[in-house]
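Next come two complexes built around chain A: one with chain B, the other with chain C.
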Partner chain A sequence: MDINRSDKPWVLHLYVVGMTLAAKRALFNITAICEERLAGAYSLDVIDLIENPALAEGHQIFAVPTLVRQLPHPLRKVIGDLSEPEKVLAALDLHAHALV
Partner chain B sequence: MTTESLQPIQPPSDLARIVLECSVDGLLVIDSDGFVLFANPAAIALFAGRTAELAGFHLGAPAIHESVEIILPGGDGARYVEMRSTEIVWGGHTASLASLRDITDRKRAEKALESSEQRYRSTLEAAPDAVVVFNANRQIVLVNTQAERMFGHPRVALLQGNIDLLFPERFRQGLSGLSARYAADPSHEAPEKVGTPAELFGLRGDGAEFPIEMGVSRLETDDGELILAAIRDVTERKKMEQRSRQLEIMAAEAETANKAKSMFLSTMSHEIRTPMNAILGYSQLMARDPNLPPEAKSYLQIINRSGEHLLGIINDVLDMAKIEAGRSQITARKFAVLGLLRDLDAMFRLRAQAKGVQFEWLLSGEPVEYILADEGKIRQILINLLGNAVKFTERGRISLRVSLTYRAGGQIWLSAQVEDSGIGIAIEEQRELFQPFVQGEAGQRGRHGGTGLGLAISKGAAHLMGGDVTVRSSPGQGSVFSLEIPVERSTAPDFRGDSGERRRVLGIQGGQDAPRILIADDVADNRDWLSALLEGLGFSVRSAENGESAVSLWRLFNPQLILMDVHMPGMDGIEACRLIRSSAGGKDTVIIILSADVTSDRRSLVFENEVNDFIAKPCSESELLEKIGAHLCLSYTYEENTPSEKAEPGAADPVGFDPKLLRKLPADLISQLRDATLNGDKALLDKLILGISKSGDPLSARGLQELADTYQYDKLIDLLASH
Partner chain C sequence: MIRAENFLTVSSPPFAKAPSGILGLDGVMRGGFPAGRPTLVCGGPGCGKTILAMEFLVRGAQEFDEPGLFLSFEENPAELLDNFRSFGFDVEGLVRKKKLKISHVEIPRGEILESGVFSLDALIVRLAHGIAEIGAKRIALDTIDSVFSALSNTEALRNEIARLFHWLRDKGVTSVITGERGKEELTRDGLQEYVSDCVVLLDHRVTEQTSKRRLRVVKYRGSAHAADEFPFLIGATGFSVLPITAAGLDYGVYSERLSTGVKDIDDMLGGQGYFKGTTVLVTGMSGTGKSSLAANFAQAACQRGERCLYFSFEESTAQIARNMKSVSVDLDPWLNRGLLKVLASRPTFQGLEGHLVSIASEAEAFGPSCVLLDPITNFIAVGNLHEIKSMLTRILDFLKRRGITLMMTALTTGSGMSEETELHVSSIVDTWIALDTTRAGRTHSRSIRVVKSRGMRHSHDSREMIMSDSGITVCPLETEQPNGHKQVR
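Coming up: the complex of A and B.
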């Protein structure tokens, strides 16, 4: 899978190991944030390391759930269940991004 | 973002470092871009294997409200971590202090528990029974797929309902008692069966009831006490049980009926034969009355023939019943095969010739003169086979070939083949041929009469002797019936000269010219019988049907002996005798008068001293031969002495049985015998008697057996009662 190919300006990857409670919460939270802030301008993929364990190494994932901002550059990472929207916005540098 | 509200933290002092290093929890300081600024040894240990240098590596900024379970992947060594984070100021910048607590062990334990629950579930699913778990409120909390199927409710419906859903109204009270009992007495430990299988039913979703069996046990859980019910649908088993009960009843009924049938038949045997003997005997006696008008004579003949026919049928039916009931027994004794064949020859030669059919027989194989076998049964079988052959053959010939040959194991076999050139039998009829109560083509029945049991009896008797009767035939090509039975070679039976038993004459001893005998009798049956008998023994015989022809034959044939009937049309016997005696050489001929009416004929014999002897009719074969032998100074060959009638079951009294011997038997055995007799339980009786024989009292056993075999239960009871 070529994770960098997308026609959207925002490309997000959520790394999980199985759909644990934390993973489900993370997916729910980030989807809500994206829909609010980036509707139509983002792509979000869930990458389950159970199916592709090798990706953990390649993408430098040390803990899951980890949300990776693949685009725009630079690469940013957030870990946890993303249950603090403020922190997520800060970490992804979404504050500067105008509300749609 | 402001940092004033945050607690400024300086890079740790020495003391703080020591505290951090001793912390069991991992502690990380992560900047707002997600890079690790500081990690204590516990944190480093958590990431061991992934990165040697934690400081500076890009973990990600924590976005956690309170705490979250994260996973540190690493193949098999994945660790489960509970993560918390707080914002701090580190070196003048906003950062996160994350604490990481390793909860891997707890997670593993949870997983193990989960999988054991899974196993528990799959066990439930694998169980053949429907399993329903319900709580103290009778609410169903767990079911397996079998329960869904058995009760015809989807799982959801079951889990929303209570156990009343599963049982007909009338059982609900009892079941609530069940849960109440469990609530009241938690000491129940072993699973308990509720109700007996006969009385508990389940209720299906479609309203149908079905018999069940249910076992329950108590489960102690965190959610309180639960009751597990394992339920089995026993519809099929009930059916099977019912069927086997029915079979048992039927078998018992059949056994009773069979016993009744045996008793009935033994009674019938006696009850029918006795009057039949009277009918036959008196009709024969009456037929000899010379003063009887001819039509009355012919009526009597009809009575006689019908009576004999009827007796034959009765005997057939009784024989068949005996064989079917397994009551037919083998009575083996020593006898000469040749003697048997001569008897058969005497019986069938005339009958065959009367139809213009040739009859021949041949004995071949081993030169065995005497064998040990059940002569009566062999004779019966061969008479049946020959009788059929004569019946169904209109022209050509009938042959009886008997051979004795050694076969595997040194066993000697008697093989007899009756071949005819008769109508033959179609293949599909051959199968039915040996079935009792099935006759050949309907047309044949009308033509030949009879019970059609003969072959079934023959086959049954042959089986009893360890052999078989088989047929080879095709329509129009004649038939070959074969009897094959194993026999034993035997020596000449012991001669018991003083036993008073008459021995059967087999023939005139060799070296003598065939003595010439003239038979004068107006009744063809009498002539035929006598001449067949005498010719069979080696005499030369001529017959005359009245006085005139007797006299003229005497002149031509010059017999040594005349068997003269008295009453004949035209010249009667007395006149014929006078004529012969008064002729030249007439005094040298032996004349024996045969007469049915002893008194009146004797009176009329004024010439009594002119005849040599007098025999009353019906004359017995042995008396006749004895007198002929005496007058002509002949020596006969005899069949070896066998008590032919006595050995048959049905003979009057047990031979040589001393009732005193019974005193030696234990009292309880006597009472068992008595009970068996009173119940008419022949099988038990046989068993008990066999026991007596084995315990070393064969004499008592034989005596009792004879009484039992002839159903002389009254006598048995008398005997047993006196002890």
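Coming up: the complex of A and C.
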């Protein structure tokens, strides 16, 4: 899987271990935020480490869910089910992005 | 390589143990770490946690055919490889052969943000993947409390760590989990609450410029273990733990006798010399012939075809060999044939515990029937009397357990017979020979007396010891010195 293949300015990866409740919540939360602020300008992939266990080491993931902002640089990681939108916005530097 | 099984008598464990292969440690832990269960190793920075964890995996892979997975939360693999190369551990080779896997869990400070519920399932995935990849039977997590610096939801983290430990136990892998020592608790983050099987505490103190390391098994569920604090060393070959009291006094007793190398002295000791596996102390002032007795004893051992290990803390090998020729002891052939090994070093070269480990590991490797320490009084440069006695007791235990006869020489100061040796070691030795010089007119003559020798009839009188180029001879003082007494008035 080439996880860096994207023509969007925003590339997000959500690492999970199975679609647990926390994973589902994280996916729901980040999708809502992206749709609100980055509609059409982002790609979001869910990477299940059960299917790709080697990626946990390769991408230095130790807790799940972990959202990784691959692009724009620099790389940012947010751990958790992303249930606090303010924190997620701050972590991803999305405050500057106006609501669409 | 030094193996530890014989360090102490290991009683059959009530459940499976995973031996560490580390000198001394398996004795203290009565066979090793609890197999298939987690052990917490805690201690402050620089106490040796990482080394213990890594050595457990390296020896597991090398000596017990149990591949190991090292999950490092602090140092990266390159740093770890660098550090362990200096111990002569072939970590890289083991990694190449897939007997060992080092996996770095990078925890960048500041870069991680958290929001809401999380789990450490990704770590479990990594562990499971690593276990599957190399068939790991042993796991080290070093140091897992690093995750506390990255995540603020401590409560959730504790639950997750507890779950991780449960998972390790369910997997049946033997794991060593290292944790930072806390101020009041065993660990900074309370890990001891989750690892209830076995807890080992490491301590590193520096007093009077010498570093002292101590190991204690705080708890070991379902197993006997030695409860004392044991000194340990991190030396050229890695970790070694030095039991003192765990040894007990259940040595084998030998009726076999070993010649002193001097017929007349054998005669003073019931005609046959020392008992095998006992400890002999030779005391005397400078020039009374202590080293000569030691050399004769060494030669006698070599003549029997046995090996002798001679630790010299005063003279070099060449000096000893040269000087002994003057009393007709030629050590060169034995040195050349490899039956005699002389290790000359300054006492100040290392601390007492360093000497203890050197002596124990050299003896383990060389397999001598006799060990000589000449002289033990030079240890005063590196320790106080209590510490020296404690070290000697441990050497003595170690050697007795192997049926190795130990001869120690000690320099006494002041004139006259000093039955009270400065080291107060006389109570721990089996045979004590006191040498002295007495002035008879213009000449000084040497005297020898057997102060004690357990388990045998021995002479109690002082006799004259004559050292000439034909060797050592002993004759009764009375017949030699009637005139001398008169001259002295």
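The working rule: the second predicted complex is superposed on the first by the 100 of 100 C-alpha atoms of A that agree within 3 Å, B and C clash if a C-alpha of one lies under 4 Å from a C-alpha of the other, contacts with A are read in each partner's own complex, and residues count from 1 in each chain.
Please note the rule applied: a contact is a pair of C-beta atoms (placed from the backbone, for glycine too) under 8 Å apart; a residue touches a chain by one contact, two chains touch by 3 or more.
These numbers come from a predicted model, not from an experiment.
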Partner chain(s) touched by A:A22 [first = chain B, second = chain C, both, neither]: both
Contacts of A:L38 with chain B and chain C, given as first, second, both or neither: neither
Contacts of A:A54 with chain B and chain C, given as first, second, both or neither: second
Partner chain(s) touched by A:K77 [first = chain B, second = chain C, both, neither]: both
Touching partner for A:A63 - first (chain B), second (chain C), both, neither: both
Which of chain B and chain C A:L14 touches, first, second, both or neither: neither
On chain A, positions contacted by chain B and by chain C: 17, 20, 22, 25, 49, 53, 56, 60-66, 75-84, 87-88, 90-91
Chain A to chain B touching residues, read off their complex: 17, 20-22, 25, 49, 53, 56, 60-68, 75-84, 87-88, 90-91
Residues of chain C defined as touching chain A within the complex: 103, 105-108, 111-126, 128-129, 147, 151, 160
Chain B residues touching chain A - in the complex, by the definition given at the top: 1, 32-34, 47, 50-51, 57-66, 68-75, 78, 81, 83, 85
Residues of chain A touching chain C in the complex: 15, 17-18, 20, 22, 25-26, 49-50, 53-54, 56-57, 60-66, 75-84, 87-88, 90-91
